[in-house]
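I'd like to ask you about the structure that follows.
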Amino acid sequence: MNQLSPVLEIRGVSKRFDATQALDHVSLTLYPGQVHALLGENGAGKSTLIKIMTGIHQPDQGAILLNGRSIQVTNSSQAQLHGIAAIYQEPMIFPDLNVAENIFISHRGRGAVVNWRKMYHDASDILGKLGVHLEVRSQARGLTLAAQQTVEIAKALSLKTRVLIMDEPTASLSVHEVTQLFNLVRTLRNQGVAILFISHRLEEIFEIADHITILRDGKLISSKPVSEVTTETAIRDMVGRDMESFFVKDESRRDDLILSVQGLARSGVFSGITFDIHHGEVLGFAGLVGSGRTDVALALFGISPADEGKIIYDGQPVTIHSPAQATHLGIAYVPEDRREYGLVMPMSIAANITLPMLRRYLTRLGIVKRRAEETTAEEYRQRFSIRASNVRLVTSKLSGGNQQKVVLSKWLNTKPRLLILDEPTRGIDVSAKAEVHHIINELAKEGLGILLISSDLPEVLAMSDRVLVMREGRQMGIFTRQEATQETVMTAAMGQKITVGGI
Amino acid sequence: MLQNRDWRWLLRWESLLAVILVAVIAANIQMSSHYLGTDNFVNLFQLSIEKIIMALIMTFIIINGEIDLSVASVMGLSACLFGRLYDQDIPAEMAVVIALVVGTVCGTFNGFWIAYAGLPSLAVTLASSIMFRGVARILLEDRSVGLFPQWFNNLGQPDLIGPLSFGIILFVVLFGICLIVLQLTAFGRYVYIIGNNKGAARYSGIKVRQTKLTLFILSGLVASLCGLLLAARLGTVRANAAEEFELDIITMVLLGGVSIFGGTGTLVGVGLSILVVLNLRNGMSLAHYSGNIQTSVVGALLIASVLLPNLMRDTRRLRQWRDFRFRPRETDLEEEEGTWQAVG
Amino acid sequence: MQKVRQLIRPEQIRELSLLLIIILIVIFFGSQIENYYSARTFQRISSSVMIIMVVAVGETMVVLTRNIDLSVSSMVGFTAYLAGQQVSQNDNLSPAVVVLLAVSFGALLGLINGLLVAYGKIPAIVVTLGTLAIYRGALVEYGHSKNILVRDLPDWLVNLPRETLFSVGELDIRLLAGLAFIIVIIFQMVLLFLPYGRRLYAIGSSPDAARIAGLPARRIVLLAYVLCGALSGLGGFIYLSRIGTVGTTAAQGLHMQVIAAVVVGGVNIFGGSGTMIGMMLGAILMGILEQSLIRMQINEFWKDAIFGMFILLAVASDALMMNRLRDLWARGAIQMRIAQDAAVQKE
């Protein structure tokens, strides 16, 4: 493969923001027909590098060479002209347009008049080449996340893309969908496209990548063929030190029940959910994205209440109809989407932490007691070593992992007895992930019941006392720690035996 | 001290407003010897008293991430309803109460559609402004009604208490209350938080719908109160009473540094911008510019109040891009979400 | 079912139901008003909606991009006044020059709006609320509160509204109404078949995606505003010829009716969906209501209250029903795909 000449070369690119050197003489070479993985913790400079490649930022130093010739990329349409395209974790589609239009919207030179028939035909053609069945006339609004990504890949392909950047494309996909995506990536690779692939999941990287480049603190640490990299060396290069590869939760389950759910259902979403959680127990919720795990959590937290079944909390039957009531009962929910539901980004750490319990911080006249607020926040900052100089800092300036710790603090401050964690480590880097795992362990030891929803299978297996598996809104079974393996859980989640890999 | 994310910026915006205010006042003093008189000072507030009272409530609504384009129509409706009822020999006291109740109902109507049906406030209040104005037209058609009782008219006139009118005193009291509620209490913080991130607010157990409904009910009540003040001040009402008042009201709020997208801004800023707009209009009146020119200037001010910060940000970015020794503002770094560790 | 679902989307159901409402309303008024089904009724309605229709074509394009233009009434008023003033001071101006003058002056005003929105990055509501006042204020200052009178206008202009394009039986299709209809059709074609039209939908559908996809969003939005201004200019010209007497308060409040037509016609106030045909149905519905209420001798002051209610109902039904329909359609699509996946897996 290396006999081929490189399609895109980044040579000694540097970029500085304020006091931070985001990129420091980073070089990267992409060859046609190669999947090049880019690894690094959040803040390592990956996003800056992508933004430079797609023209959103300009480098302070260094050059970008396309087929050996130096180019300037100043905006995304220019990047497109050069054959560089990027696909993000959240697909950038046009929900009101149909599939075919989404593929061709940024095409130039398809005539002055839209030829619908030809467009549908060409779109089916491209999707066919990718081996995907998608109705080209249906509106993009109704597509699943995975299908939307497929549309984006088809769009990139139709634009004669030579360099495709995939920024955490698998973060919100189910296992099955990841398999399909990887088949697509292999198809593209075989067609000679150079792919820059970014993911936080190492096992995926080892499955798909040909070459691995690791960044740390804006510097290039290593760049080797995948055969010369192991999980251990990769993690060491990323965090700059050796790390235990798997953290396993300590035994802390007590005998007394905290929550018992019987036949919980919400019509059209999920049904027949029955489980118990004890004090000090972590109950894992596994299943594909869209299998209804989050919906069960939302029902328990009163966002979208269940319409059938019993919830027995602390020995008392309850109906939960609002988050305020759930909080009052001692149930806390750390949502999957920090940005959308977890944090008020432009407000301070302190204001975020006290938010659900603000009434505890009021004087008799209803005025907010800032000093008391900051004292509380300061406790959490020290307890979870949130990296911020003080608690008056706005949360938008924190890294993903530290933001997640703020959300955790916010909910722990409600003094919950049942903590629901929805994808608590999604999109945060390796070391922050380990910290979150430690926190979960500590909390369970303190006697909290924890419901852990996660798509990261190794995480669920390592952290849970028992694992409940869901599929299409139904409960497929509960596995004890001994019974739960990658195999059994996956089989239950898929509802059938599947073979992973292969085209 | 302020419930705000970027108060340093606001402080700057507010100091900018203060500088503008001083400049406008200086120009006014230069231009006319009448400017500094007590009469003119009272007059300055009197002429726009309904608008500035309304701007206080509008500040809450815009920070909450919504907008109420129907306030002028509610004012008109309430004034016309009062006129019509009084014209039909219903006692003025009774008519005042009915008008206030109907105004509150109008606000509840808006609030219901926005908070509980989840419709965009822009569309709802645009539609209801046409509707409420329509009802006002049905009530008075093309007549004008006046000759209200003396006590009622007195409420609109200066020299009620010292040189001040009822409206001015009401404004000062309301400003104090709103300042405390918005900047210091839990309710105020909820208003900011809902404006910033409705999802996070809901998931934190904040009653988003009730908060929004409360604000729109208040808006309806205060608007109808302002409509009555207008009737008292003018001594006569027509169906087009208070027409296009929303322009000035929204200008005062946005010029005060409140973002049209919600979540930012303070009442201190709005207080300053109210003074700027009032003095500007007063100065133009003293210089004998027509009302239409004044309205055009207010319209330009509205656009400038958003354009200016935009331009400031752009030039800053440009300079930062050319010379990275220049220290960028925090907002520039916010784009790098998740990439930056917080450093003191 | 699959074919039906592709052919008839929620948006089309929306338009069909609007058509149904129009028919029902016509039948209702037909039973209430004597001699309702006549050429005169048609004439009245068509001439009352044509201005709204022309201006609403421009408004629709702006709204599709997730923006709004409140200043159309001031633009119509200003261009009507300016064109009237020029034509009354200068008798031998040819019709083409007058139209060109109105259209290009409107386009200029639209350009100002567009520059502020697209390049000044100011929310459309702020810009156009401001220019609504600025343009009106400028007009009052420019016109010194003097009116343009019918007797100052040349005959061709005064007679223009009575020019008939062709007649079907008793029905005379007036030139101006025909023109308005043709403009609606032309711009419907633009939306359907020109890349520019599709990009209007794309930008309104997802501004972020548009930026990432490298669409020239600013230029597209700017052009939408310029076209909206130009069409408002044309609307101003029609206003001048139809009303004749034009003062500085001309067309005040017209923007409400225009937005009413657009919203009732099913153009999503958040951009991304809607058609010119739907907008035209919306305008016609409002026109029928207005004219029929007058015929029923219901107090004309009721008009605004009913208009407001209709806009609100349209917005409410869109938000509550359309989302449900769309979900239904989307769910259908997903089920279809699951079935296909299963079929593929079996192979």
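Think of it as A, B and C in the order they're written, each chain with its own count starting at 1.
To be clear about the criterion, a residue touches a chain if its C-beta (ideal position, glycine included) is under 8 Å from a C-beta of that chain, and two chains touch if they have at least 3 such contacts.
Just so it is clear, the model here is predicted, and its values are computed rather than measured.
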| When A-C is set beside B-C, which has more C-beta pairs in contact? | B-C
| message | Taking each chain's centre as the mean of its C-alpha atoms, which one ends up farthest from the centre of subunit B? | response | A
| field | subunit A and subunit B, separation of their C-alpha mean positions in angstrom | value | 42
| Between subunit C and subunit A, distance of the C-alpha-averaged centres to the nearest whole Å | 43
| task | Return the distance between the CA-based centres of subunit B and subunit C, expressed in whole Å. | result | 30
| Which subunit C residues qualify as touching subunit B in the complex? | 68, 116, 120-123, 125-127, 129-134, 136-138, 140-141, 256, 259-260, 263, 269-270, 299, 301-309, 311-312, 315-316, 319-320
| query | Mind pulling up the subunit C residues that touch subunit A in the complex? | reply | 6, 9, 192-195, 197-199, 201-202, 204-206, 208-216, 272-273, 326, 329-334, 336-337, 340-341, 344
| query | Which residues of subunit B touch subunit A in their complex? | reply | 3, 5-6, 180, 184-187, 189-190, 192-193, 196-197, 199-207, 263-264, 321, 324, 327-328, 330, 332-334, 336-344
| query | Touching subunit B in the complex: which residues of subunit A? | reply | 16-20, 22, 42-43, 45, 47-48, 58, 60, 301, 303, 322-324, 326-327, 333, 335, 337, 340-348, 351, 355-356, 358-359, 362, 366-368, 387-390, 393-394, 396-400, 402-403, 410, 427
| subunit B to subunit C touching residues, read off their complex | 67, 113, 117-120, 122-124, 126-135, 137-138, 141, 239, 244, 246-247, 250-251, 254, 260-261, 290, 292-300, 302-303, 306-307, 310-311
